[in-house]
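Please read the structure below before turning to the comments.
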Amino acid sequence: MVKLGFSIGDLQFKNPVIAASGTFGYGSEFDDFLDVSRLGGIVVKGTTLEPREGNPYPRMAETASGMLNAVGLQNKGIDYFEKNIYPRLSEYNTNVIVNINGSCIDDYVALAERINKLDDIPAIELNISCPNVKMGGMVFGINPVSAREVIKAVRRVCIKKLIVKLSPNVTSIVEFAHISEEEGADSISLINTLLGMSVDVRSMKPSLSTITGGLSGPAIKPVALRMVWQVANAVNIPVIGIGGIMNSDDAIEFILAGASAIQVGTASFIDPQASVKILEGIENYLIAKGFSDIRDITGFLNCSK
Amino acid sequence: MVKLGFSIGDLQFKNPVIAASGTFGYGSEFDDFLDVSRLGGIVVKGTTLEPREGNPYPRMAETASGMLNAVGLQNKGIDYFEKNIYPRLSEYNTNVIVNINGSCIDDYVALAERINKLDDIPAIELNISCPNVKMGGMVFGINPVSAREVIKAVRRVCIKKLIVKLSPNVTSIVEFAHISEEEGADSISLINTLLGMSVDVRSMKPSLSTITGGLSGPAIKPVALRMVWQVANAVNIPVIGIGGIMNSDDAIEFILAGASAIQVGTASFIDPQASVKILEGIENYLIAKGFSDIRDITGFLNCSK
Amino acid sequence: MTKRIESLKVIDNKPLKKDFFIIELESSRKLPEMKPGQFVQARIDGSQETFLRRPLSIHDVDFVRNTFRLLVQVVGKGTESFSKLNKGDSLNLIYPLGNSFTLPTKGARTLLVGGGCGIAPLLYLGRYLKSQGIIPDILLGFRNRDRILEYNDYEAVGNVFLTTEDGSAGEKGFVTSHSLLGKASYDKVFCCGPEMMMKAIAGWCRKNNTDCEVSLENLMGCGIGVCLCCVVDTVKGHLCTCTDGPVFNIKELKW
Amino acid sequence: MTKRIESLKVIDNKPLKKDFFIIELESSRKLPEMKPGQFVQARIDGSQETFLRRPLSIHDVDFVRNTFRLLVQVVGKGTESFSKLNKGDSLNLIYPLGNSFTLPTKGARTLLVGGGCGIAPLLYLGRYLKSQGIIPDILLGFRNRDRILEYNDYEAVGNVFLTTEDGSAGEKGFVTSHSLLGKASYDKVFCCGPEMMMKAIAGWCRKNNTDCEVSLENLMGCGIGVCLCCVVDTVKGHLCTCTDGPVFNIKELKW
């Protein structure tokens, strides 16, 4: 048996495959397809203080090897989450992480305080990288000053593990990784979607109601991998790689580049079982290569000529 | 007959389809496949003062709907260009633009001065966005201060039309567009490649000798289109859209988003005739939609709800 | 109702008029329960032609032969690649998805209205109604006679009426202008087709105080309620077409 | 030599042992001049399976029937999709590309060495040599007997010698250890195969002062000399495998 576990501080994950926020609902949507408890963790849909309706339709466009979305954090708010969703989540035997979002720092802080009280949530993922909301989201994540402020403020109150999710829409991803680490993040996850756009030439209109939206899927994998590699080489906290991971080879690319774990996003739309298949594939790869512990290949990329 | 022409200042282009630098050689490589003079223009391979060997092999990796390259500006230098290539180029009845690159500002200035003397080169494309060289290139293009300096210095000497080619690896593309316009650029072309990476999981090595490289192809189109739209809405000089344009619908997306012209890059590798097919497709689209002049659809994107 | 992901065998792929075709699929396992109005999310295994799956209605189910059919119109690269599937090839589905038509009470006077590929879910619905002793009127609208699909199957489950926009077959005009709507009255109307048609039928139903359900066709990212891309604006806010729909009562819609 | 882009008709696609297959293509136009050692850049029209084209050597040409063949090994998704082409399908090519083997003077004692799919260009080369009155020795190396390709075609153009790594057919060992190399001496050696094999043969040729040309297999972006991705480090600096090669004299290489 190969060892697949990793940890963020004293929080143990049984394996490095985590479902990405906004692509895995609250887990139960996948119960028909897989045993959610097999995953290392799940990050539930981006949650805000108040319920949100999100952006108008159309919210999606297919692109070459990817998709654009403009969902805009539609969710029923933290009250509803606490009352109606959280109790069900506790039944999963895996780390359930809540992805939190706000329009201002107070929102983020209030959410972190609410999550503090939920015993079965061991970590939050601080989303300062959503490109699909006018206020908050990416606005925080692409400005070093506001990024630092929101991380600092949340860290002050947050008693859970704090994972900061970075936006790729910046000149220097390493700068934001350093800020996260300096302000006490326990882990960094990246990347969120790239800001993109698509036009319907027949109607001469933008494909999305919001004109621009977030690009995900295999198209962004090379950019994601480059950023994960840069960040993993720059910080001493665990890095979680995200972006276009469709199969175990993709996942292993990120792990070799230095990611301690990975998140599976858009792949779950195409194959709801993608996450467990990736898990199995990683295990097989390690066996075939003769490794007994995934940590033996984390950051193992051979860059000698 | 629909009108397809556009102009940068007093420089007329017969149509908006231009071959992108580094993907069209010096034109003659395509003579067997198409009549190069039909194109609106060609931008020849990135040129430096001294000859350059570029980066070691491997320099390429295929990715989902795209490719990474790490050529690193291999070229024979401006002397060789002037003596051996330029005379042949003069035979094409189209605008031949030289893409110039340097390791320091003096290099760029010296190149601009050399091109000043070449009567049949009506414009230069200032490449401050090559991700594949350690010195110069993208280093200029992602820092607003050095970007301004190099554009200013080149503008001072350059008597040709000056097109500044922007790097997409920045937080605010509009900032660099403004700088270009302020410093007297006649046009802006974008995007150059996105910085990406790929790993060979079998050998556990990076796919490229340089580890990271430039991502091109349809994968980057949504990002390119978004940036072109942002820039076209921010400046008053003509914008040339580049990135993942494979067919005329792709080209029209950029034109609707505000590009006065487009460049065809990686597409020419897959179909050497891509550029002329795109030209024909644009013409057919205009006819089908009942427009008689391409300028009627430039920036025509209908963003009303 | 358990959803599953499965590669099904194509046992027939029959081109119909114009761009339409009917694919028949066979499962190696016992078919799950499937209700009229539900859909599948389809993709050719390993294909790079499209990135996402494509939603298609369940056109007809044969539980005896353990097969079911999809009626598809070629409109882009996904549907085109499906049209090229041969017998023996496989098609990967996530199914059955979505809610279903609410079945009317016994004896209800029922009308099914369909246009274009929107007629797809109505056959299975009609068959189901018939099994419950309801023989529906079925009003089908097409652009012109060349675009009329073979509707023999529909005649076996109800009384078929036709319109074409140019009058080249059936009555001339849109479905809403068919004389049937002037004469008959219904307890329940089910409609699927182009949005304009559904809105027109919804208007007619509102005016006539008739209960009406429509099946919507939105762009879908996942089909299982997680991406929240397929929303429709309802009186209860944004609902997902893939899980709260595709069938909506017009009372819920802001039309 | 004019290059062209053309969709050619697949008139045969024959699976060989293991992952190999031979595709025969027919042009609707008169075939262009093609020389031994040249290659094509292939892609299935409209396919999304791979993004870039795939380089493949010209295996054999039949100017009378206006057809030519490619010998291909399935190693990834591109070659796999080619292996599934049926008669009547088409394959889009840019061809003919690259330089070619330098033909030796009449009466030159000539050896062709090939391994794996590297044997592909050697058949057309052998046929050409034979037409010039040179009957070459042809030394082919394979992993084991299961991997030996049908070499009857080669026997028609030269004297074939075999090695397998495990000795299950021909002599045991690598091509460089074949007894032939101890006995015979040559004026010219042509080699195509895995890099390790070509380097070993290059070493042997250097030691024996034998003129030697190898055909390199680099990753290619364009195949027409514009992307500069396919470089090989030579005594003249970086040269393009696709235009300056694929055939290089070992004197040019830094091996």
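To keep things simple, chains are lettered A, B, C and D as they appear, and every chain counts its residues starting from 1.
What we mean here is this: contacts are C-beta pairs under 8 Å (C-beta built on N, C-alpha and C of every residue); 3 or more make two chains touch, one makes a residue touch a chain.
Everything quoted here is computed from the prediction, not taken from an experiment.
Engineer: Average the CA atoms of each chain to get its centre, and name the chain whose centre is farthest from that of chain D.
Structural biologist: Following the centroid criterion, the farthest chain would be C.
Engineer: Which chains, taken as a pair, are joined by the highest number of C-beta contacts?
Structural biologist: A-B
Engineer: Take the average of all CA coordinates in chain B, do the same for chain D, and state the distance between these two points in whole angstrom.
Structural biologist: 36
Engineer: Could you state the distance in Å from the CA-based centre of chain A to that of chain B?
Structural biologist: The mean C-alpha positions of chain A and chain B differ by 34 Å.
Engineer: Distance from the CA centroid of chain B to that of chain C, rounded to the nearest Å?
Structural biologist: Here chain B and chain C have centroids separated by 47 Å.
Engineer: Give me the residues of chain D that touch two or more other chains.
Structural biologist: 48
Engineer: So which stretches of chain B touch two or more other chains?
Structural biologist: Correct list: 56, 63-66, 217-218.
Engineer: Take each protein chain as a node, join two nodes whenever their chains touch, and name the resulting shape: line, ring, star, complete or other.
Structural biologist: Shape = ring; chains linked end to end, path closes on itself.
Engineer: Report the complete set of touching chain pairs.
Structural biologist: By the stated definition, chains touch in these pairs: A-B, A-C, B-D, C-D.
Engineer: Under the stated contact criterion, what part of chain B meets chain D in this complex?
Structural biologist: Against chain D, the touching part of chain B is residues 22-25, 29-30, 32-33, 45, 53-54, 56-67, 69, 71, 74, 217-218, 268-273.
Engineer: Sort out for me which residues of chain D touch chain C in the complex.
Structural biologist: 47-49
Engineer: Help me check something: in the complex, which residues belonging to chain C touch chain A?
Structural biologist: Interface residues on the chain C side: 2-5, 43, 48, 50-53, 94, 218-233, 237-238.
Engineer: In the complex of these two chains, what residues of chain A are touching chain B?
Structural biologist: Of all residues in chain A, those touching chain B are 56, 63-66, 68, 142, 169-171, 194-199, 201, 203-206, 209, 211-212, 215, 217-223, 225-226, 229, 244, 249, 252-253, 256-257, 285, 297, 300-303, 305.
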